[in-house]
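Some structures to go through are shown next.
Below are two complexes that have chain A in common, paired first with chain B and then with chain C.
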Partner chain A sequence: MKRTPFGGLILLVSMGLAMLGPIVTVILWAFAVKWRYPHLLPTEWGLKYWFAMFGRETVITPILTSLALTSIATTTAALICWPAAYAFARLKFPGRQLLLFSFIAAQAVPKFALFVSIAVIFLKLGLVGNFWGVVVVQMLSAVLFMIWIPTAAFRGIPPALEEAAFDLGASRLRVFVLITLPQAMPALAASYVLAFVSILFEVDSALLIGAPTITTMPLLLMSLSAQIIVQEAAVLCVLIWVPCAVLLLLSRRFMTARGIAQGFGA
Partner chain B sequence: MLQIDSITKTYQGTPAVRDASFRVARGELVCLLGPSGCGKSTLLRIISGLTACDSGTVSIEGVDMTATQANRRPTAMVFQSHALWSHMNVAQNVGFGLRVRGLPKAEIAAKTAAVLDLVGLSAFAKRLPAELSGGQAQRVALARCLVVEPKVLLMDEPFSALDAHLRKGLREELKALQGRLDLTTIFVTHDQEEAMELADRIVVMQGGRVEQVGPPGALYQNPSTLGVAQFIGAMNTCTSNLRHSAVDWYGVTLRMPLPDGEVALLCRPEDLSIDPNGAAARVARVIDLGPVTKVNLITETGDLLTWTCPRDQAPDLGRVMTLLPRRLHAFRGGALMGLMEAPLPAQAQGATA
Partner chain C sequence: MPDLGTTSGGVAPRHIQRTGLGLQALAGLALVALPVGLLGTLILWPTVRMVTATFLIDGNLSSDRYFAFFNDTYTMANLRYTLEMGLVSALAALALSFGIALYLRFSAGRIATLIHGLSLFPLFVPSIIISYALVRFLGPNGLFQLLLEQVGFTHYRTPYLTPVGPFLAFVWENIPLPVLVLSAGLSQVSDHAVEAARDLGAKAPRILFEILLPQMRRSLLIAFALIFMGIIGAFTVPYMLGPPAPEMMSVFMQRTLGNLHDPEAAQVQAVVLMVISSIVGGFYIATMVKSSEVVR
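Take a look at the complex of A and B:
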């Protein structure tokens, strides 16, 4: 006889509500034209606010800016960080542990303070209010995911797998491309998605370095929510979620819960 | 074919391989045998090129390979952990070596199919490594090496992770395949039974040194060092003080015309025979192993003596028997001093004189 884990069921339902509840509410709001108390569901549905949002230049530009910015920053960070992670995993060099630890240490400092000091430097370099200035700063948000998860993943690949390929005649580069990369793919995909999402939702750095010329989606969202038009904010929220959801679905092939957990040393 | 000369390797001050030299002829299967940590795997990795040695040379067919990287050496290695690539199917794993050599697709497919047929895994070409049993995985690992037609096949304890029954079957299979393809093979193992069964010659290693090289039977019958004698097969070992060409062996005095001093006396369990002038010992345990019976005896000196005999000659528990060695190996300082065939008890000889 199987015993129904009643407590577990309650936990599952309440966790599901806590996680999905807000998301569902926001999605409902995005398609609601009229939704007043005491109605449980919107009384009038429509795409009115979607047309309103897309009709405005001030909305379209930040969306495109954000997507371009995030894609460039995440990809560049990956190109720099993944080989570095491989070095951390496979090579022994002095100061390795200290360096690896420094990436976490940077997270311990309040980000805002860090960005202020960077802004001072960037001001001298003329990078404030510049698209590439924001790209550089946003890459910082990715470093933790892009170094730690891949390092653990590379470390988790048995050296014999690479040695066997090398022994059979492959060059070091081909071993990396044909064996190491595919083996680490689940964790690499996880690190990419996590970094992408964290950059997309980054507010502080965009505000400090990008302002006033560069406006990103989260900045727009902040300014809109101050105007208290719930539907407009909801539409924007859904818009921000779309790229994340697409990325998640794409990477589902590679990404496993185990891959992510491995990244954090599990 | 393969020549290893004075290979030395030190890991952070600890010597792993010390001045190891031996040769392997074409088509020969040589086992590197020794306890774990004796340097046999390190030596194999040095031959493959995956580990660099501090000094010495490795040459294959007269060409010095010492400075050549692993991917440019005509060797291929089967790892203990099979080391198959989980993101490729069996055929892709096997074809890898040909793919990196830039062979056309059709040729890779043909050669891969032929080798898979050779190891009896044609039906598994599309499977992923995760869907294979341990024995199948190791056969794929072997096929992956065979397909590149290496001049020397290297195997690093390939069957250690498998269960005993399977291990035996794969051993037979490997031996047959190796003979058929005339493959020069170096096989690392810590299992002396495996080495005895497979090898044309065995290289016994201990503490990073090559102790003795020879055919399995010769190593068993005539070990040249105490280490080899104790590692290969069972031995009854006692130490005694040799004086005036006589030595005490479990309470009997045996004639032994060797220089005075401390000696280690070793005798195989099957080399004991019943003799009225022998050392008295009481039967403490009788173990029926099937083909033979192993008898543990306690001598008058309180030592354990092991005797193997045909099962119809197995004695009763508690019986006192007198035993003499038919062959007795004497070692001093780890080196062989002499091998006594049927050494005579001193009293018996005195009586006849």
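Take a look at the complex of A and C:
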């Protein structure tokens, strides 16, 4: 089991290459003006393609569409899921375990196949390409984060604190606002970030239910990546991914094995 | 709890308590109604409707569409390719992660911290970004090829648009989950057990197969189920990196629905994928519930 530091170093270098190599390539491309084979690095650097991208409506519109769509879907999901998470954690009602369980079971459904079934219904209803149709379907991606992480967080708050406040005569609402909510806030914020990012980058439902009328940012990225000019897709990647990665990093504490299993696994 | 509510007198507090419970139950149900309703209308209903629709031809019960599915060579090649991709990529990701988790378990220091950080990096990279990044990194004249040529290797053949492309992307994406799960599991294996075995003369492979792996069995199975389900349902990675044929099922479905305008066939493909996924998923849920980590 004992490994020499040399072995560790080899593992580190190969992992560094495999994990960071692809992203580094994209970042290099985003700031490259000229990068021709066989040069290892770009021979001319600059922001030429950044300016070119921002001047185009075909680029700005999908980004704005995505931001609007994602904000609406995530916020609506939060408004309906956070209270439910509180109920799952703190209230007793018939069917509680079964209903909570249904949120795990929902994980086992392959998303793309599910979106096919929804797309067929939407085709008949004439909802394909409808902004609000996409919003509703994309909320599904948020529900998983917004139920699990907050439920666990509400459960993690020691009931003793709330009970003490009750004993002192505080109402349920007052206890919730002054005691429960502040303690759950970091987890709620994290669930919002995770849901926001996963919806922002969601391809499947946007493609099956939004396209071709609604072009979201990931669909734009897909179409740009097939273009001859490499830099455009690279610029878009860096522009969108870097802020999201920073946000995700801030909510890293909540990306535990279980959280990922629930959120990213299926 | 005995029901004292029928006796009159001196039960006021209990009455209040009972009303309170009733209110609580109502409030609870009201609060969860919307997200549960969302699952019902957007998951349960479409799925049930789709399964029913695939068995109905002009109002008559028929399994003809499934016969067509299973008798079509190209369709079966796609299904087989999807399952093989899931199996091979998931096993490769698990093997690599297990190696990384083992290294982390038995080493400390700055190198181990960096390796841990690197192994979690894919958590921060969405599928669409890594797919595009891998096209640029591994594709023809990509950075990887340029690096190889720097050290004198000139026979690089790109995995882009071959089955190796999506395979590499799937392995890349699925390193963090098992590393986290297995690290948590391995940290529970006591140093004493390992040292005792070593003192008795056990070699590393024996310690691995007789002490570490048996204790990791459940974690490995759960991780495998999750990764496998994720891969067989994936769209973006095979769409951007994979060969035009065979297609993975999601890409196939998208083309059947979007380009061939054949919703009937697309629905059959979706149902078959759902059935396969639910067998693996049922196993995953059973394991999770048995360990009662999630539903308390």
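The rule is short, and it goes like this: the second predicted complex is superposed on the first by the 210 of 266 C-alpha atoms of A that agree within 3 Å, B and C clash if a C-alpha of one lies under 4 Å from a C-alpha of the other, contacts with A are read in each partner's own complex, and residues count from 1 in each chain.
Rule of thumb we're sticking to: contacts are C-beta pairs under 8 Å (C-beta built on N, C-alpha and C of every residue); 3 or more make two chains touch, one makes a residue touch a chain.
Model, not experiment: these values are computed from the prediction.
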| item | value |
| --- | --- |
| Partner chain in contact with A:Ala160 - chain B first, chain C second, else both or neither | first |
| Partner chain(s) touched by A:Leu168 [first = chain B, second = chain C, both, neither] | first |
| First, second, both or neither for A:Val197, with chain B first and chain C second | second |
| Which superposed partner A:Val26 touches (first chain B, second chain C, both, neither) | second |
| Contacts of A:Ala87 with chain B and chain C, given as first, second, both or neither | second |
| Which superposed partner A:Thr43 touches (first chain B, second chain C, both, neither) | neither |
| Comparison of chain B and chain C by chain A residues contacted | C |
| Which superposed partner A:Thr61 touches (first chain B, second chain C, both, neither) | neither |
| Partner chain(s) touched by A:Gln183 [first = chain B, second = chain C, both, neither] | first |
| Those residues of chain A which chain B touches in one complex and chain C touches in the other | none |
| Chain C-facing residues of chain A, complex | 1-3, 5, 8-9, 11-12, 15-26, 28-29, 37-40, 80-81, 83-84, 86-88, 91-97, 99-114, 116-121, 123, 136-137, 139-140, 143, 146-147, 155, 197-198, 201, 203-204, 207-208, 211, 218, 221-222, 225, 230, 233-234, 237, 241, 244-245, 248-249, 255-258, 260-261, 264-266 |
| Residue ranges of chain B in contact with chain A within the complex | 48-50, 69-72, 75-77, 79, 81, 83, 85-87, 96-97, 100-101, 141, 144-145, 148 |
| Partner chain B, residues of chain A touching it in the complex | 158, 160-161, 163-171, 174, 178-179, 182-183, 185 |
| Chain C residues touching chain A - in the complex, by the definition given at the top | 21, 24-29, 31-32, 34-36, 38-39, 42-43, 46-47, 49-50, 53, 100, 102-103, 106-107, 111-112, 114-115, 118-130, 132-138, 141-144, 146-147, 149-150, 172, 175-177, 180-181, 184, 194, 198, 204, 207, 222, 226-227, 229-230, 232-236, 239-240, 249-250, 253-254, 257-258, 263, 266-267, 269-271, 273-274, 277-278, 280-282, 284-285, 288-289, 293-296 |
